[in-house]
Each structure stands twice: as structure tokens, then as C-alpha cells.
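Chains: A, B, C, D and E, in written order; residue numbering restarts at 1 for each.
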Amino acid sequence: MSEPSNLKHIDRAQLAGLVEALAGAGTAVIAPALRHDARGTVGYRTVTTMADVVLDKRPDNALKSFFLPPTEPLLHYERQGKDVTLTPVDPSIGPRVVLGALPCDAAGLPIVDRVMDWDYRDEPWFGRRDATTVIALACDKADSACFCTGVGLAPDGASGSDLLLVPAGDGFLVEVYSDKGQALVDLHPAFFGEPRDQEQAQAFRAGLGAALSHADGLDPAAARAWIEGHFIDPAWPALALSCHGCGACAMVCPTCHCFDIVDEQEGVAKGTRRRNQDYCQYGLFTLHGAGHNPRGDQGARIRQRVSHKFAIYPDRFDAILCTGCGRCSRACAAGIDMFEVVERLAGLQADIDEETPTGGDL
Amino acid sequence: MARIGVFVCHCGENIARTVDCAAVAGSVADHPSVVCSVDYKYMCSDPGQNLVKDAITEHGLDGVVVAACSPHMHLKTFRRAASNAGLNAYLVEMANIREQCAWIHPRTPETTVKATDLVRAMVEKVKQNVPLEPIRIPVTPTALVIGGGIAGIQAALDIAEAGRDVIIVEKEPSLGGHMSQLSETFPTLDCSQCILTPRMVDAYQHPRIKLYTYSEVEKLEGYIGNFEVTIRKKGRSVDIDTCTGCGACMEVCPSKKALDEFDMGLRTRTAVYTPFPQAVPNKPVIDREHCLHYKAEARAIARGKPVKAVCQKCAKACAADAISFDGGDELIKEKVGAVVVATGFQLYSVAKDQPEPYLEGYGEYGYGADPDIVDGLQFERLASASGPTGGKILCPSNGQAPKTIVFIQCTGSRDPAKGIEYCSGVCCMYTAKHAMLYQHSVHGGRAVVFYMDIRATGKGYDAFTRRAAEESGAEYVRGRVSAIYRADGKLVVKGVDTLGGEPMTVQADMVVLATAIRPQPGIKELAQKLSISYDQHGFLNEAHPKLRPVETNTAGIFLAGCSQAPRDIPDSVAMASATAAKVLALFSRSEMEREPQVAKVDQATCSGCFHCERACAYGAVEHLEVKDRRGNVLRVVAQINPGVCQGCGTCAANCPSKSIELDGFTDAQVFASIQALSL
Amino acid sequence: MFEPRIVAFVCNWCTYTGADLAGTSRLPMATNVRIVRLPCTGRIDPLFIVKAFERGADGVIVSGCHPGDCHYSEGNYHARRRFRLFKELMDFTGIDSDRVTFSWVSASQGQKWADVVNGTTERIRALGPFEGYPGSEEVA
Amino acid sequence: MRFGYYPGCSLHATAREFSESLLTLVKALDVQLDEVEDWACCGASSAHATNHLLGVALPARTLAIAEGQGLDNIVAPCAACYGRLAGAAHEIEGDAALKGQVAEILKRPLGTPPEIINVVGFLQSLLPEIQPRVVKPLDGLKVACYYGCLLLRPHKVTRFDDREQPESMEQVCAAVGATPVAWNKRIECCGAGFSLSRTGSVIRMGREILDDARAAGAEAVVVGCPMCHSNLDMRQPAMNRGQAGAGALPVLYITELVGLAMGLDPKAMGLQRHYVSTQPLLDRLSTAVAVAEGEVS
Amino acid sequence: MNALRDLARQLLEAGEVKVVIGYEDSRRGVRPAFVSDPADVDRLIFDARCVHNLATYLNPRRGHVKRLGRAAVVVKGCDARAVAGLLREQQIAREDFVLIGVRCGGVFDTPDATGPLDAASIAPRCHGCTVREPSLPEHVVGDLPPEPPVGRDLDAEVARLMAMPAAERLAFWNRELAKCVRCYACRQVCPLCVCERCIVDKTQPRWIEPSAHTRGNLAWHLTRAQHLAGRCSGCSECERACPEGIPIHLLNHFLAGVVRDAFDHVVGDDPDAPAPVGAFRKDDAEEFIV
């Protein structure tokens, strides 16, 4: 894990002050907060005061949605007489700060950056990325669904974060990991003090591993090896039996980034072209106009999702498309447990390795 | 890319007075896909229509919108014009800017704006129109007539005379129905048999009429023009072809206790019988309930014993050897294009036991148990020359002529307390007739008629009832009868004279109840077989009480006579001829043409929940099995029979997955109209 | 003065003919109503109403034959159940169901049609523009 | 067996024999009658004629009390009481608003009213008890069962077997050895309503009834209603006056007839209270019995 | 539990069914289990955490489950209502599957619940349950557990909402529906969403906008609720499946009340009972129609 370029301390009062200052200066502050809905859920949303922020609960929705929204207009079209006018929607937005991101959510951003800047640079995505400073908070909220450590991340990892907060004394140790982060500190010096209580921060970090012990020794590489050798395998349809084929897992995933482009008619010969998040577990995802569907059943679809995350993406972009946040497992109505899936596939590979001993010339 | 033409009509000043037609045409001109937009004084005039035709060829239009009056007025006109110009008629729509715009608004900019909106909406709709062809359904030009009474006979003769084949199904052994039981008929007092029998014979001998007596409709499948009927021919044990009708069998038959249905139980008959001397066909049947052989057979079968031949005197007596005890019922299938239901009526009975829970008998009349309390049809038989008394009106109890006779109208009819609130229509007339017949038969006798109102609306009817009251001297008493009982050998009839304001008691020898007319027993079962509807009394429902009185909601099925409501003979005959006209119109072409406004199912997306079927008033939704190559059923989906569908679109709205489209009003068309109208 | 947009979905046999009658009787009406002619109220899917609102209508009229008079004998009975569910659902979700008029107008009730049109227009005018879709364009 | 019991005013006055015969009878059958406590007038003839609400509230009070007493049925021997109680029960059951209004007036809760049983139905239900106890079969005594109006009407309230051709009285009488005659005036109005105001009419109407019963060969008329009884019994001399061959026709309460068949003491049942002497009838029966038992030769 | 396992074993060994669909325990609570091998039947369990409505696996859309062959499905009384719905609408044939009914003492709101089943933790659908003893299944196993505790009453929640001023109600639903990301978990998990092609996926024309804005979301949820009116079996799986915690089932429950009051119909587990969908009574109330 890369080392912080600078250390600071921010106490809770200062943090509150920072939020107000940012909001006051027209910077959108996005943080985990009560959504004031019927079921009292917590999710990332824009806040204007620290009072709304909830730092001790995991947000239900993925931070991703603030970079790749469930729906966003790309352009408006209108036909008058013979000619058509297209009005693109300007993707650029004002400055934003994400406060209290889960490290696994933050870590998802650089992973998705790779595909968004692959064959062409996705302007809406990077427009929002550039405009946003991410302040993550070292996480002690791990539950049985979590396995960030199993995919090479850590509850106190700083990947994707410009600043990382670690609880220390009356506030947080602030670790600076990027120029963007430093810039924020420099812009609001009043709210950042010199680092202190670092040993408490150390102690906090030391305590985080326990809740994740089940993920120790998870071997995604083995899983990848098995996947690459078993495109056709009874394990896939078996895995899919209980799957409802909905998009819940993809929608809450910090790294799932598929989208669909639709034109919505809004009157006579006019409308809006929109980009909507899409999800591979749903039959229509690959349904061809001609009626053929290369992923005709749920087995093929679930294979796609798992393969994409643990074999295809690593192969193409050299990164696992999963941060072990466990949201998909929590969201799944059929109780499909991503950690268990990876563990199982890796296990299958292990069996194979035992059967075929290596070394020893003939 | 659509090419739409818009034609705005001034309708003289009718539209132009408040709508700026030129402005409408102008602003629509640059509406997407509009390639020509003009206004004209009278679009429906010849030059106006030519304007449209020429534009169609000149601009190669694939859609036309005429902005003028209501489509109810001229849509057909412009569709015809378009198809003359080679454009499919169903690519033409009308925007109603007269009745629903020009005529209801002042001359303001808003009015013109609204007119423009209506035109735009229609342009948007017409862009979604697709060429349609009228639906053609082959027609089997054979009519099925259910019921061989006067209505059925009349309908059959009219259709046959026009050169179309007819099949009559009559459940009794003979044609004739109730009319053959009547003595004389009002208002002319001519002999019922004398006018009916020739018709019966005509029907029997007509080369185009096939007659199934002693038969019933078992099942009806298919739809208008293409029905298949299954007929149950009840075993009559007498071969109708070899039988000579000599009657020898009846003379030797020892079983004589069966009540004679034709004579309304006023006498008995043998087990092998023809209902009446003039029966058509005049060939007997064996009534298996009463025949000694069949009774023995039934007993043997019940006891699991072998069946032995018993009696069979008739067979031995039959010179033609026409009687056989082997045959049973026979099921016959026939293809027909139309159905006339003429099943007639039965009389309400005052007895304690009633066929329907909502009906009640007349306890106050001792439930009619007294032999000298008879109903209208029994009186007809007593008055009939062919009846049990040879036309002499005599009391069943003692064979004496009744010195005093009481007629009670509205027995059951118009009496909600007994369950029937409707008027039976014919009772006023036949009671008057009965009173006259009585006076002719029993000179110096006293006839008292209790009535609620006299309803004599037919031609010559009122004069007839007056004759009964004024000339033949029947005492007409306006009032009801509260009790009938026997005392000192007389029937004591206690009633009230509401005009005199006095209770009155009549010591009578005979009482005739003008009991209500009810539909035939089994009518509801038949209606279900034909999938037509009926009211709470079982009378069959017409499609529209005023404008479609002889049609049903099931296309191709028509109603005549008392199956639909109480009717007298003239009305029944008129109705019968009306059904014949409807049937012949249907048969006039080898194919029916119908507006192609019907629903279609997208079988690829239909999930077979059949909400459409539940919502269809016409039973147009069928089940279609989607099979794979090996013929395994993959799914069962809905399919709509265009011959039956009437195009209401209820199924389309009920379809959760929007897998049903209604041609002419498809989702795409409605959607487009909404897009254009709301902004 | 606010001029509401009102879309009317009417059946071809009763209400559309009634509206024609109103025309031939020259009964004055507000210009705010635009009629969509359908064969039967049975054809009307609540989505028609929803779509009209989405497209900017401020009010909707749904009208057909009186019970028992349906040209297709039962269409309006089915429609009535559909409308019941939709109307209750509007109320439950807080969308003012006063924005929709459900009516039976026969072919002979020109005057009633005029009353329905004018009454609805007045009512919607009082309610003001329909703003049932806040933040439809907002990005999370 | 236990039943609720509502005597009503008649059974304490003009119809004492009705009450006496009934009570003697139930004693012999050891059936217990629990009288409704503090019962009030049923309102017959006057109340419902003057004020509908009063006509319902009066009997409803009795019903409410009975209910409170835990009675789930009430035997109301007097046909008028029966009519009023059953009528009130029917009305408040069918009209929640009225029920509330009445409850308000009575300041009592109204639950499900008890079942109201008329005397004929009561005896019918007891036939299994009665028949084994018949010791003096009535030797085919010809009786004319007279229903009057109140037992039968209104039908929707009384649900009596058949409003026009009832049979239940005949069934009870036949079951105890009498022979019901077939006659025509069984449900004719006896005129009780006008007993005082238009006595003349009542005499005429009663006469027609009695004549028809005699014509049918009846030796006695059997009734289940105090009004009918007082008319046909008390006014019979007047009815028979000037009628050649119009022998006195005893009018028995159906309870008396059944009691006689069970050999109960005529005096205990109040048969001596009748205006038309029942003695000849009693004599005729005892001889009959004697003959049957072979005492006399 | 043993009765359940024994029955499952018999059915599998006798070849009467190819798979038993039931519940199994896992590291994250109870989840659906598909048991094809008689040796595995001991995986099957049933307890108060078995909240899933397994009837959804009989839904004809589940091609991959169908392919397993004839199935025996473990159903609670409430789940059986959904099976009845599928039968009523001719989506499945009774002879094609076996039902193993389980007597039920109420279930938790979530399958990973711990602690006692109490007023706070019990699923709302259990409120006033009348089908703890299933009637539709040919087999019913287990002993009837004690009366469940009384929990959340959805009627009360509906009433509370209806008591609000309309504007507040509108705000409430806008707030909730704004969260919808159109993952269609509600539809996918629903045993009675049987459409081959959901209306929201119809593009010609596109009645319901697929985008997750309030316009599209409102149209979607209104339509979904209406399509389930008189059909919804009340299992509220749609709400459990929703990753955004939208109280979707309130809409279904509300309409169930309307159907009950206006059409005199309550969805039960009798497949032959007439459905109010595509039906009518001539005297249906119409006070809302002028």
C-alpha cells in the first residue's frame, strides 16, 4: 500500500466546520446519511451539514452512482420540418467532495477508471471523477459479507481516496494520498491541525483484521484459473438455480459499470437520449434484435458476471473487478454469497491441482 | 419515412367561420412527414375528393388526414376516395374540427390552435396506421332453426323459399309447437290447426328443409358463418322411412296410462303414439318411460339381469316391420352458417312445487289442485274440436258444462310476490277469446273475467276485447282474486271489484287461469351451449332492445318468438321473418366482409395468462399450443378469432404485457396521438 | 389566466357521438379539451392517462357509455374496475385524482358532455398546472 | 328442556285457560318455561298502529331483557304477542340504524334477539315428547284447525309453513289422535280487530267460519290465538242465534286438545272457563275412551 | 424437520420428483436450496427464518429450474396462495409438481435474522395469518407451532399514509420512488410476474420509460401494482428484494384492500376460485364516475 504524502489531524468540530465551509462555498458534499425514507436507510447523498452525516453505518447504495448514475441524459433531439437539432448535455459539473467513503467504495473508482479510459475516454465519468475529491474513512464495519482483504484491498486501504481518515483521539488522523487531497487541505487550513494520537490510529487499524478473518486465504487467482478452464461446466447452472435474474447486485456494486443507451420520446419528433445503468443478470441484456440470445439462461449470465469480475477484467485491465464490499451478497434476495462463490471456484481449482501433481521428471 | 397529406375543409362557413383553415393548413405544413397540406371549401364535394385523389398520386402519399366533420359523417367517404386513388382505405383518418371544434368555440386564436392540435394528433396517428384489408369469412349458407313451432316454421320457410338450405331441430315428435294445441286464434277466431297444418306440411315437404323431430341440440361450435352443430336424435324405435303411419301399433299398445302432453294431461295416451292426428311427420314414437318393454329392460339392467323381450305387441302388429327395440339415441353433426332460436314457451304453473327458487305457487287458489281449475292451454284443448271433449267445454271433474266460469288474468304475470313481474302480453287477448268461445259453446252461461288492465295493443285487438265484454256478455271485473276453494260442490271464487269498490264472491263450476308465459325448460342450458345470454327469467337477450331486437350478442345467432319474450302469433311470425331476412343477408355473399378492426395477439410475447379471455364478451379468444419441432407443447398462448372478435379492445387493455394490438386503434396509434395532444 | 391542457379518452359509440351532438347543438365549450377517439372505454389502459400526464397534460377526461349501454355490452364494466384501481392508486400516491374526470356520457347527452368539459376545465384551472414529476432530470 | 316464556296480557286475563293448559302441559312434559323478567306489553293493536318506533321499541325491550337473561328463545303463546315480538326482532335485525335508535331509547344494548316461538311450532317441536304420553287418543275427534291471521302474516316475519295452505296445526292434532277436517276458512279473518267497534261485522264473519267448520263435519274448532278464541267462543251464541241446526261448536286451544289427549285434568286446563261448554265434548271423549278400554259393555 | 427430510428422501428415491426445492442454512442465514440427490436431503431445514416464497421457482419464466425436471416445492400457507395464482392463470399444471406444505408459526422479515421472533422482527405478512396450516399441498409436514406474535399491521401503515394530506403523501412516494434504480428485483422475485415480455421492456411503443427518473419510476410502480391487483399473494418478496428499501409492497397491500372492499375479493389459495381480474359485477360501485 502506497505511503501517505502528508499527515494531518482533524477533530470532529473541525470536520463539521469543513462540511459547512465546503457547502457554503458551493462544493457539493456527498456523505453517508439517513435518507429520511420509510425504512430509515442510510445511503450516500448530498449533505449540507455534518449533523446529517452517519459515519458508523454502511451506506446501502454504491458510491459509483455519483459517477455513473442509474440514468443520465446525453443529448436532446428535436425534429422540425426537415431538419433535426441535437443538443448535447454538458457533462461538466462543479466541485464535489465525498466524505466518509468506505475504502471499498473508493477503491472501486480507480478500478473502473481503467475501462472508462480504454478505447476512448468517457467524458461524463472523468468529468465527475476530476471534479470530485474522495475522503475515505478507515472501516470497522465489516460483516460476514465483506471480503476486501480477500481481493487484495484493506479496510484501511487508501486506493481511490485522496484523503483517508483514521479514527484517532477526539477526531481522525488525516492521511494525504494525492495532490487533489493536499489541495483540499491547503484550501481549508483552518480545519486541519498537526497529526496527533497516531498510536491510537495504529491501534484502531490493528483491530480491523479480526472481523475479516474469514476472508484470509481467499485465493481469487485460483478462482480465475478455474474459470479460464471451465467455460462449460455444471457448476455454473448449479450456481444460477436460485438466482432471480434481477439487477440488484449490479446496481449496488461499486465496480459494475455496464450501461444501455435509450431514446425516450418526449412529444412529437423530440426526446432525450439517455445513458442508463444496465445489468448482465437480466435476460434482455444480451437479447439480439433478431431474437437470438447468446446468454440464453441464468447459468450463462451468472458465469458472465463472475468471469468478468475475476477473469476477464483482470486479464484485460490487470485488476479484479471486485472490491469485496459484499453489497451484492447483502442485496441478493436469493442469498447468493459472492465470497462463497469465489471460495468455491478456488476450491474446485485446488482439487484439480491436487489431482495433477507438478514437478518430477519422467 | 412517411409521406402524409393534410386536407383542411372549410365546410362552407361551418368551420371557416370560427377556425382559420388556411392557418391550420399552413402551420401543419412543416409538421414532420407532412408533404402536402391544403385547405378547401367543401372537401366532401367531388372536386374536394378529387383534390385528395390527385394529391395521393402526385405526392405519393402513404397517409391522409382530412380535417373536417365527424368521422361518423364522412370517414367512409374519404376512405373510398383514397382507395379509388390506390391508397389503402385504412391509411385515411379524419380530424374532427367541426362538431368538436368549430361549432362549439368562438372565433378566437385558441380555436384555431385547437384545430391545429387535433390535425397534428391525427397526422401522428396516421403515421402509425398500416394498410388493412376487410376481413373475409367464408359462409356456410345453411341455417339451423331450433324449434318447430310457428316461429321456427315461418323462419325456415322464408329462408328455404329464398333458396337456402335449412335444418329444423324439434324436440317433440312433431312440428307445430303450442300453436297446434290452440283451438281458435284471436282476433279473427279462425281455426288454429287450419292455418297451421298447411305450413307444417310445406316445411316437411320442402326440398331445402331437413327436419329432425324428436331431436335436440347437443352442442354448437364455431362462429358466424361457420358453426358446427351436434344434434341428438332421440331413439324413436319407429323407423320413420318404412313406417306408413297406419296406427296399428297404437291400437294394440297395452300401456295406456301416459298423460297426453298434447292434451295437457286432460286424457291419457298409449306408449307408442303420435302426439296428434295431424302430426308432421305422422309417424309414431315409442315413449320409453311408459313402454312395457323398455320398463322391463330398465328394471333388468338395474338388477343386472339379462334383457328379455317383453310385450312388443306393436312390433308384431306393424305390417311395415318398422318397429325395432334396438336403436338408441344418435348423434349427428351438421355444418351451418347461422342459427335461429325459436324454442317457444311454457306456462307458469300455480302448483306448490316450482322449478325455480324465486317462483311461488298460488296457495290461495289451492295450488290449482282442483280438477276444474285449468290453465289457458287446457282450456284450449277443451275448446278444440280435436280435444278430449271434441270441442265441447265440459268440467273435467264431472263432464258437465260449466254454468258459471271464471277467468283470472295475470295469474303469475305482473305479480312480483310470485316471482314474475313482467306482463305476458297475450293473456288479455286469449282470455277474451276464451270468454267468446265459452259463450258460443255454453249458451246462457255466465263468464266472469277478473283482470288488472286490458292490454290490447295489436291491430284489431281492442275491438276484439270489446266484443268479448260488450257483445258476448262476459262480465269484466277489474280486480284480483284472493281465494278459490270448493264448497257445496262449487268453486267459490272470492275477489274484489275495485271499480265497484266491493268484495265479490262467484260460485263457479270452472276456473280458467291465464297463467304467465315462461321460457321453455332447459333454455338456460341451451343458451350456454350457444354462448348467448339470458335475463333473470331465462328469456334470451337481444343484442339491442330497440335497434337489434332479433340479433344476439353472438354474431350469427338470431331470436324469434317467445324464446326472447312473451309474443303472440303475429309478433312471433313477424320476428321469424325478420330473422330470415338477417340470415339471408348473411348468406347473400359467399364470404362475409367485416371491418378489420380486430385484435391480434403477439404470440412471441403472450404468456398465456388469458386475462384477455376472461375479458372478452364474445368468446373470441382461443387457446393456441406453441409446439417445438418434435411437436412437444412449449406454451399455450392466446389467439383471437377474427370472425368472432367485435373490436372493442378490452382484451388489449387487459393484457398486462401489451401483447395484444387492436387494428385501427393500436398502442402505437394511441401513443402517437397522446404524444401530439398533451404538449 | 392559466389554460390547462386536458386530454379526453372517449368511446366511439356513446361519448364521441354525444360530443358530436353537443357540436350540432352548438353548445359552447372551453377550448382546452382534446379528444382521443377509441372504440370503447374497455380499450382504455390507465397507462394512456399516465402517459398524458407525463407529456404535460394537466387533466384527463375518461368517458364512455352508461352501464348496460355499452356497444360491446361489457367493455365499460371492465373499464370501471380498471379505473377504480387506478383512481384509488392515484389517491394513495398523493396524485390528486381530481385531475381525472371519469364519466358516462351517452350519445344523447350533448349537454352533459358540455358540462363535463367545462366543469373539468374549471376544476383543473383552479388546481393549477400538474407538477407530479419533480426532478425527473436530476442526476443522482 | 327449558324455554323462555312470554305470557303477555291475554294469558293473564281473557285467555287464562290458554295459560293454564299450556303450563299444565309443559309440567306434564317436564319442560321448564323461564318467564321473561319484568316483561312489558307487546304493543299489539295499539302501539304499532299509532307510532311505528314505539311499536318496535316496546317488544324490543322485552327482547333485550330476555337476552340479558340469557334466553336464546321465547315461547309466545298469544299469536299477537308472537307477531309483535317476532316482528320487532325482524325489523331491528334488518335495520342497523333502527337498532341503534331503539337501543338508545331503551338505554340497553341490543344483541342478537332470541328466537320467538309460536304455540304451534312449540308443540310441533315437542311432539317426540308428547306422542309417547298420549293416553287418551282422541278417537278421531273431528277438529277444524283455525289459524286466523296473526300466526301466518306477515310471512317474511313469521315464516309459518305456508301462508295460504298451512299444515302444521293439522299435523299436531293428527299426532295426538284427532282427525283434522278439510275446510276452507282456516285462514279467514275472524274480525277480532273490530270486536268492539263493529261487532256486527264480527258476528257475520265468525258465523261464516263456524258454518264452514260445521259443514266440514267438525266437532270442535282448534285455535292458537286468544283473539280468535274470544271471538269464536265468547261471541258464538250471538253467531249461532237464529241459525237452524247450528249446534254449539266448542272452541279449544290447541294446548287444551293436546292436554286432553295426554289425559291431563280438564279443570286444571281451564276447560270449564269456556263460554261454549266443553262438557259434551269431554263426555264424548271419556265414553270413547271407556269403550276403548272395554269398561262399559 | 425430520418429517420434511424423510418426505423429500422418499419423493426423490421413488423418482416421483427430480428435485426438491426447499430451504437450507448458510453462513449468511437461510437461503433457497435445490436438492436432487437423496443423500443431500439433510441440508433441508424449515424455521422462522425461511421467509422466501419458493413458489416463485414454479414461475414458468424459470426455464433453468424447469429443466431440472419435476419438482417438489416447500411452501408455507401464504406461499401456496401464489401457487394457486399460477394455477388459476394456467401458468402451471398441478400434475407437473409436488407441494410440500409446512405448518408455520410466522417468519422473520429477513432470512439472516437472529434472536426471538417478536413484534419487531416478524414479517408483516404474518399479521392475522389464516393459513398457518396449508390446505393446497398434497403433503403437509411438521407440527403447528404456537401462535406467532402480533407484528406490523400493513393496514395501519396504509391508514397512516391515507391520513396524511395528499401533498405529504405525494412527497413521501416521490422520496421513496426517487431511490428506485430499476433493477427490477421486485418483478424478478415475484412469483406472479409471469409475463414473457414485461410491459416495461416493450419498446414499440414505450409506455413506461425505462430510465430511473421519477417519471419512469412512478409509471413503473403504478403499473406493476395494478397488474398485481387481485392477484398479489401478499408475500412482499418484492419489498424484501428491493436493494433500496422502497416500501413497494404497501402499494400491493393497498390495492388488495381496494379489491377486497370494491370487488369483494380476497386472494386465497383455492386455484378454482374466480379472479377479479377480467371480471366485473354489474353493480360494482361507481360513485367516482359522474
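Operating definition for what follows: contacts are C-beta pairs under 8 Å (C-beta built on N, C-alpha and C of every residue); 3 or more make two chains touch, one makes a residue touch a chain.
In this text, all values refer to a predicted model and were calculated from it rather than measured experimentally.
Trainee: Leaving chain B out, what are the touching components among the remaining chains?
Mentor: Without chain B, and with every other chain where it sits, the touching chains cluster as A, C, E | D.
Trainee: From the centre of chain A, which chain's CA centre is farthest?
Mentor: D
Trainee: Weigh B-C against B-D on C-beta contact pairs and write down the one with more.
Mentor: Comparing B-C with B-D, the pair joined by more C-beta contacts is B-C.
Trainee: Where centres are the averaged C-alpha coordinates, which chain has the largest centre distance to chain C?
Mentor: It is D whose centre lies farthest from that of chain C.
Trainee: Nearest whole angstrom, what separates the Cα centre of chain B from the Cα centre of chain E?
Mentor: Measuring from centre to centre gives 47 Å for this pair.
Trainee: Between chain D and chain E, what is the separation of their C-alpha centroids in Å?
Mentor: Those two chain centres are 62 Å apart.
Trainee: Approximately how many whole Å separate the CA-defined centres of chain A and chain B?
Mentor: Once rounded, the distance between the two centres reads 71 Å.
Trainee: Give, as an integer number of Å, the spacing between the C-alpha centres of chain E and chain C.
Mentor: Distance between chain centres: 34 Å.
Trainee: Could you check chain C for residues that touch two or more other chains and list them?
Mentor: 45, 51, 54-56, 74, 78, 82, 137
Trainee: Can you list every residue of chain E that touches 2 or more other chains, as numbers and ranges?
Mentor: In chain E, the residues touching two or more other chains are 172, 205, 207, 209, 213, 278-279.
Trainee: Among all residues of chain A, which ones touch two or more of the remaining chains?
Mentor: 65, 70-71, 265, 267
Trainee: Can you check the complex and tell me which residues of chain B touch chain D?
Mentor: My answer: residues 352, 362-364, 366-367, 483, 485-488, 492.
Trainee: Quick check on the complex: what are the chain E residues that touch chain B?
Mentor: 60, 89-91, 194-199, 202, 204-205, 207, 227, 275, 277-279
Trainee: In the complex, go through chain A and note every residue touching chain E.
Mentor: Touch list, chain A to chain E: 35-39, 41, 43, 60-61, 65, 70-71, 144-145, 214, 237-238, 240-242, 244-248, 250-252, 260, 262, 264-265, 274, 276-277, 279, 282, 284, 297-299, 329, 331, 333-337, 340.
Trainee: Which residues, counting only chain B, touch chain E once they are in their complex?
Mentor: 604-615, 635-636, 654, 656-659, 667-668, 671-672
Trainee: Contact residues on chain E for chain C in the complex?
Mentor: 158, 161-162, 164, 166-174, 178, 207-209, 213-215, 218-219, 222-223, 225-226, 229, 251, 254-255, 258-259, 262-263, 276, 278-282, 284-286, 288-290
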